[in-house]
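You will see two complexes here that share subunit A, one where it goes with subunit B and one where it goes with subunit C.
Here is the complex of A and B:
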């Protein structure tokens, strides 16, 4: 049978139109604001009446209460991402797969950490979200391996094998997977840059976005490391953005958070980010800063997808927005459960 | 000590007098020890009040931040981050002496860690995980400090209680009984001396008659 590689404009129009339709079905801002005034049972009912019902029904025998809702939301996210992978053809699929690899990284690391600590497969499985390229069956087979070394062996042939081969022995010896985790994410962004340059439509625009995302991630990390009093930040910075690693190291050496903000502001050309950096001075907690930076990132991506309507951008915008819908619904439910005031929950929502 | 069991002899009286002297000296020393321990106890009590307050504050803060972490990252994210912790805190238990009372001296290592030593990667987690980890590290530190102080306080209290019992026993039982026994012997000896004198007088009168 001849292989069909759909590279024509038709595939883009089909895939992006379907994504746009899916995006319309996402929970709008007004509903989040309404939910902020609801009680937990009302929020639960609201979620049950939406697209998450199937997962809630499916998992109700294994989980209960707020855990049921959280797992159902994650499963729905995973299922939705797999559907997106099915819809997107040819080169779009490859690119989407690359983009979703961050879930694979998260799952692989959780399996390795769980196996190293001798946790049961059931406990490790509870923290896995099969939303990436590694499907449920493969993750199950990894869970059934006896040791972390065998998990690494079983991953040979996937995109992780070379980096795992280099970093895993040292990680196992030191008992800390932090460096391995950072390296995997750095490689993830490097691979995304390569993929964006591979000729996919909207790739050049997307490259610009990836660079912006890398910058935002690096700025977020700088704020965190500054608060955590870590002076050498080189290993934790992602290459490929508009700041070089040496430049970021110099920024990390600034005296105070205010100096850091000034230094970043002098280099940033994106207006919403500039405005946000002005607000950051006003005693914002680090996770609030992170949240606001994520909002800026989404806003930029949305603009990009409007400028390039038949490209990879609308697909990636949908993937991001779907992720934040799940996170917002979870935040609302968990926040209400913990009796966090609605105004504070609103600060944690990405709307 | 029942008076009927006491031998009214001079040697017994001497030994009782020695015992009374020893008991009174012991009583004075124990009274001083009790007062000293009470002073120490009040000093520790002040520290304990602060440490208990700090512990409660850390606990409330940790609970509040874990609620935020569950809200932002979800229980799955928090559990996954918790799996990264490889290095467990080490606690060494030494002893120190406060007025003869052996109290614990707890030292801990690797409780509060810097961001790059916590075991999770910075690029795969968010700042709320850092804040949660910091809050719980501070809580563990506060628990260790409170454990040391409250154990010290309990041991001091036990020692004060037993010293107080000893002081009371010496003051209200041992010393009065010994004094009573000594005065009984003295009285007996005096009586015996009078009897002896009377007997001698009688013998002398008989021999003269």
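Here is the complex of A and C:
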């Protein structure tokens, strides 16, 4: 049988155009504002008229209310990401798979946490999103394991095994998975940097973005730690960004937020970030800072995808925007369920 | 001894007709290649966009064939040269 030719610009153009069209179909800002004035059943009906129809129809006999929304959103996200993997050819697919490993980390941690706390497989399954490389069948087999140790054993050969082998016993003993989680994400970013340098078209641009994302994450962590007064931050910082871990440790020790902002501004020269950091000086809540930093990150990614239209960037922009759409809808639904005022919910939306 | 070449009227006319034919061939051939190169990017984009939204098939078909004008210009030039 003849093989599909993936060389040349055609496959990039095909995949990136599909992603652009999909991005247009995402929920626009006006619809979020409209949904803020709706009740939960109205929101469910509203999103049923969009791309979530299939999932809501399929699940409406088993779930209702907030559970229906949650599960439908997770299913849709997983389905959408798997579809993107199907569409992307050759090296683009490998790169996308690497990027989606974030979901594998989340799923593995959820299973380990659930198993450690003795939760039933059904309850753990409800929070899993099989959007990464570990598919539904593999996740089901992990859920059927009796103990967290057996889950770790079953993950041998998946790329997590060495880190899990090193860190899991200590995590289980202390009862906190925070360090294990940090280490897994650090490895994830290190692997992404290696993949970006592997020769994929747009990889150099993406490397620039990954560094920016690492910077934003480190800055977010620094702002969080400023209120918590933690002395040693080295374990919590991700390597590979504009700052070394030692520099970040020094920044964490600065006296005021102003010193931290000045140091960041002198090193990370991105116009929207500059504007945001100026606003941060004027008393902004930690949550608002994090939300705005995420918006800056998305804006930068969008710019990159326009500068490199036929590269990996448009695909990753779609994956990121889709993720935030699902998070926004979940925040909206949860907020409405808990009778939180619309203004407060709006603060939590990434629009 | 110097070899002399005698150019008769018939030979000159045949040579001119041959040159015209080569020119016409180049006009169509080169513009055909240019059209192909232009469509190489538009084609996959059109197929990708149609795969996501079938309603735009008519529009993308139109966009895909726009570079065909290049080869049509070449064809017109070739016909003008020959006739």
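As a working rule, the second predicted complex is superposed on the first by the 344 of 351 C-alpha atoms of A that agree within 3 Å, B and C clash if a C-alpha of one lies under 4 Å from a C-alpha of the other, contacts with A are read in each partner's own complex, and residues count from 1 in each chain.
Quick note on the criterion: contacts are C-beta pairs under 8 Å (C-beta built on N, C-alpha and C of every residue); 3 or more make two chains touch, one makes a residue touch a chain.
This one's a predicted model, so the numbers in the text were calculated from it and none came from an experiment.
Annotation for the three-chain superposition on subunit A: subunit B and subunit C fit side by side. Contacts of A:15 after superposition: subunit C is touched, whereas subunit B is not reached.
In the superposition on chain A, contact of A:325 is made with neither subunit B nor subunit C.
Of the two partners subunit B and subunit C, it is B that touches the larger number of subunit A residues.
In the superposition on chain A, A:290 makes contact with subunit B only, not with subunit C. Legend: residue contacts after superposition of the two complexes on their common chain; A:104 is shown touching neither subunit B nor subunit C. After overlaying the two complexes on the shared chain, residue contacts for A:338 are found with subunit B alone; subunit C is out of touch.
In the superposition on chain A, A:70 contacts subunit B only, with no contact to subunit C.
Once the two complexes are overlaid on the shared chain, A:129 sits against subunit B while remaining clear of subunit C. Superposition on chain A leaves subunit B and subunit C with their closest Cα atoms 29 Å from each other.
On subunit A, the patch touched by subunit B and the patch touched by subunit C do not overlap at any residue.
On the subunit A side of its complex with subunit C, the touching residues are 8-11, 13-18, 21-22, 25. Of all the residues in subunit B, the ones that touch subunit A in their complex are 67-68, 70-72, 74-76, 79-80, 83-84, 86-87, 114-124, 126-128, 130-131.
Touching subunit B in their complex are the following residues of subunit A: 66-67, 70-71, 74, 105-106, 109-110, 113-114, 116-117, 119, 126-127, 129, 174-182, 184-186, 217, 220-221, 223-225, 227-230, 236, 238, 285-287, 289-291, 327, 330-331, 334-335, 338-340, 344-345, 348.
By the touch rule above, subunit C contacts subunit A in their complex via residues 40-41, 43-45, 47-49, 51-53.
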